[in-house]
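In the two complexes below, chain A is the common chain; its partner is chain B in one and chain C in the other.
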Partner chain A sequence: MIYVENIRKEFKKTIKQPGLLGSVKSLFNPKTEKVVAVDDISFHVPKGEILGFIGPNGAGKSTVIKMLTGILTPSAGLCTINGKNPQKNRKSYVKEIGVVFGQRTQLWWDLPLCETYAVLKEIYEVEDSAYKRKMDLLNEVLDLQDFIKSPVRTLSLGQRMRADIAASLLHSPKVLFLDEPTIGLDVVVKDNIRRAIAKINEEEQTTVILTTHDLSDIELLSKRIVMIDKGKNVFDGTVDELKKNYGQMRELHFELAGDSSLESLAYKEKFGFSDDDINIKREGVKATVRFNSDIVPVGDMLSYTLSGVHISDISVKDADIEEIIRRLYKKEVSADA
Partner chain B sequence: MLKKIKRISKMHRIFIAQDLKKLMEYKVDFLTGMFGFMVYQTINLLFLWIIFSGIPALHGWSYDEIIFIYGFSLLPKAIDHLFFDNLWSVGYWLVAKGDFDKYLTKPLNPFFTVLVEKFCVDAAGEFIVGIALIAVTIGKVSIQWSVMNVLLFILILPCATLIYTGIKTITASIAFWTKRSGHITHAFYLMNDFAKYPTSIYNDVIRNVITYIIPFAFTAFYPASYFLTGENPLFNLGGTVIAAAVLMTIGMLIWNKGVKSYESAGS
Partner chain C sequence: MRRFLRIYLPFSKAGMQEMMAYRFNFIFHLIGEMLSCFVMYFVWLAVFESSDSSTFMGFSMVDMTVYLFISFMASFLTYSDGAINIGEEIRDGSIVMRMIKPVNFDMYLLFHELGSRFVSIFIVLVPMSVGVELYKFFVTGSVMFSLPNFALFSVSIIIAYLVSFYFNVCYGFLAFFLKNLWGSSVLKDAIISFLSGAKIPLAFMPPALAAVLTVLPFASLSYTPVMLYMGIYDAPQIIWSLSLQLFWLVFFWGLSKLIWRLAMKRLCVQGG
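Let's turn to the complex of A and B:
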């Protein structure tokens, strides 16, 4: 479905010295340097998959998405959707994709929402019957009827995002690009949007490429993750693989009984943890100890804790994806492990 | 081909309708704008009358002929302003802010979409003034209104318009590399003031510049002088056609190259 092969993007950047004088200097004698935003990234997405595309700020995610949506021309490499290339036949390429940039809107700001849909229908040449069917479905999954007659400028962020997602799906694209679709939204709206994405994906077999900083989006929606950092591909695999490979972190939750104090537990000294391998938090009687289970097995941690303090309740939690990714972003685990 | 033209004109209609609806959406703004516009145009006409009453004849051109040329110059400018005003936004903010993205993810030609997205009703004023000036002088100047000349008049207007559009396209496209080029467009656009008067009143440098380099003289003085004198149709009208063709071709080449170099903006 989507093939990305050795895609690369370089930008020319003018180096400016600070201050007005620096600006004047660079006006007459500009020094430029080449910045590689995306460096040789390849991946493949089969039809119907929801791919989580993640990476820290400035990793090059948006640049990749913009190349895949035909906005930017790659410096090298190729991307194709259904064998079509955005640089060769942009128009038929973009008919197959839908794009939502969470930070921008494609809706007609000053007009009622339904006007946007009416124009998009014409732009994408959607048949009347297909349009009606689609609007019914979108209405059902995204609850648009309450504000479809309101001017876009009066919509709340959550409504606007739902409206934008609907706008990108009107022409039944085969691939949907969602760049931070849940940014700045409350939990209920986030949930709503996730359910809608899952439903569209299921009903229409729409392939989805999703970038987000909210990892619950990924955990709830996608089975596969591509992670990039500094323009390079650092992980490509399923969420399960990610957990298996990097999920050595476990969390020990317990409640202290009586007047027990945590100070009697010297995990670091006892097991020789480095700072990154252990993290202890305490709130009242509740304590959370996050540790690397590759260094010390869970059993040993449990028996050491139980022997050191009085405990009224204890549980062990699996590593969550957020923790793994935090560590990956900080380069604590090696990518080729 | 016919289907394509049909689709293009349909999309054009839709975009114009959207823009008009947008105007009506803000009623107070719209009505105030209309009022201000009337006042502006009235003052403009008064001002012109004051200027022209001071100059009875200029380098062999009579008072009425000069007003005819002036009126003629407003027509292509108004048509370009009415339909293609949005090119200014490319140089001022569409590229710099990354808003140009939206044109590239739609199955429409980005150049076409930029052009038709905005419909500048203000331009109607220039158009009306232009028509009015031509109307009041038409009886007093010696124009042969043969069928041929009427046809030529109608055909030369779109060409003269495209000289404006071409110059704006070229200067707007520079923004794809420099991020902003609104002031460049502005600097070139200002030269059109020279086109309102007979070129014979300028020195050689300016005359050559507005004839061969930034050929605004072909948007007004040259074609108008053909209608007034019947002389040199090959240069006066042919030049307009050639200038329009050359500028639009260069404009499209730079535009297309520019779109490939477009860098968007971080988000």
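Let's turn to the complex of A and C:
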């Protein structure tokens, strides 16, 4: 469905020298610098999959999306989607995709929302009956009816985003690109949007590529993750693999009884944890120990803790995906510095 | 063709609706232009009254008045600001939202703008030409209006609008390379209004300069339709000036396609 092979994107950036003199200089003799935004990224998405595409700010996510949607031309490499090259024959390619850029809108700002849909219906040559069916479905999952007659400029961000997503789905695209569709939205709207994406994916086998900073989007929607950082592919696999490969971080929560002190436990010395592998927090009698269960099995950790201090309550928790990714981002940064 | 219209006519409709949403903007723009037109009228009135002969370079005051108002009308009708939009969109990166739609970029802008042009035809063309004819009738006792001339004018003004549109598309694409167009667009408008004869008839220029200016694309924008309306040109001149207009239309259309292609290769989207 989607094949991305070794794509690379370089930008030329003009460096402006400081001050007025610098401005004049760069007007006549601009100094440019090559910035590599995307460096040799490859992945493949089968039909009907929801791919979570993540990475820290400035990692190159949006640049990749822009190349996949045919807006930017890769400096090198190739992407093929539905057997088409997005850069060639743009018009026939974009007919088969839907795109939402969370920070922009494709709606007509000054017109009632339904007018945008009427225009889109003609552009994509959607049949009347198919259009009606689609609008009913989108109405049902995205609750558009309350504001479909209002001018787009009067919509709230949540309403606008729902409207934008509906607009990108009107023509039943084979591939849907969502670039931060839940940015700045409240929990209820986020939930609504996630359900809509899941439903469309299920009913129409739409392939979805989703970039987000909200990892619950990923956890709830996608089975597979591609993570990039500094333009490079860092991880490609399922959410479970990510959890398995990148630190089995577990959390031990317990309440200390009596006047036991945590210091007497000295986990680091006993098991030889490095700073990255263990993190101890304490608030009054409550303590949280986050540790890497690859190094020390949970059982050993438990029995050691229980034998060392008096405890009134204890529980073990799986680390969430957010924690794993935080570690992964950090690791990349420190490995580079 | 029907399919083409089905796809692009909704843009015209939307353009019309948008214009209605901003009708005061349009009316103030119109009033502003009218005022500057009347200023020019009084300047020329002063020129004619202080001169000894009743004609100036072959124009009587009545001719001059008609010229001023018709050329105001022509430049108002052929005014195209799709260019400014492209510039803005490239600057803020929202151009990407257009690139993900399966439509031709220029047709989209053209039909969108035609929607608002359509409104201005009724608000400007009809009252202005009636007003000018009434004026001429009361002053000289005869009207200038003739159907053949008006037909030629209509054809010419349509071509002029398209030339203006594609010229501004080309100009708007400069934003791909310059990143910001505001300053140069003030300069562009000033140059055009002078070189197109919208402010001073090209016939008033020194002969050598006038000869050059009539060949340049700017004359095609408003001078040619005005001359046709006033019935000043003879048959060979009509054919020559209309073909010249067509030539510039093809030229700027081709140029816009070429720049579009180049720009696509170089595009770097700013912001997000």
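Rule of thumb we're sticking to: the second predicted complex is superposed on the first by the 318 of 337 C-alpha atoms of A that agree within 3 Å, B and C clash if a C-alpha of one lies under 4 Å from a C-alpha of the other, contacts with A are read in each partner's own complex, and residues count from 1 in each chain.
Following the convention adopted for this analysis, a contact is a pair of C-beta atoms (placed from the backbone, for glycine too) under 8 Å apart; a residue touches a chain by one contact, two chains touch by 3 or more.
Note that the structure is a prediction, hence the values are computed from the model and not measured.
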Could you tell me whether chain B and chain C fit or clash when both sit on chain A in the superposition? clash
Let me test your reading of the model: by the given contact rule, A:Gln103 touches which partner, first (chain B), second (chain C), both or neither? both
Just chain B (first), just chain C (second), both, or neither: which does A:Tyr124 touch? both
Touched partner set for A:Val36, first chain B, second chain C, both or neither: neither
Could you look at A:Glu115 and tell me whether it touches chain B, chain C, both or neither (first, second, both, neither)? both
Where chain B and chain C land on the same part of chain A: residues 11, 62, 66, 69-73, 90-92, 94-95, 97, 99, 101, 103-104, 106, 108, 110-111, 115, 119, 122-124, 151
What part of chain C is in contact with chain A in the complex they form? 3, 6-7, 9-11, 14, 17-18, 21-22, 93-94, 96-97, 99-104, 264-265, 267-269, 272
Spell out the part of chain A that touches chain B in their complex, as residue ranges. 11, 62, 66, 69-73, 87, 90-92, 94-95, 97, 99, 101, 103-104, 106, 108, 110-111, 115, 119, 122-124, 151, 179
Applying the document's contact rule, which stretches of chain B touch chain A when the two form their complex? 10-11, 14-15, 18, 21-22, 25-26, 98-99, 101-102, 104-109, 260-264, 266-267
Residue ranges of chain A touching chain C (in the complex, touch as defined): 11-12, 62, 66, 69-73, 90-92, 94-95, 97, 99, 101, 103-106, 108, 110-111, 115, 118-119, 122-125, 151
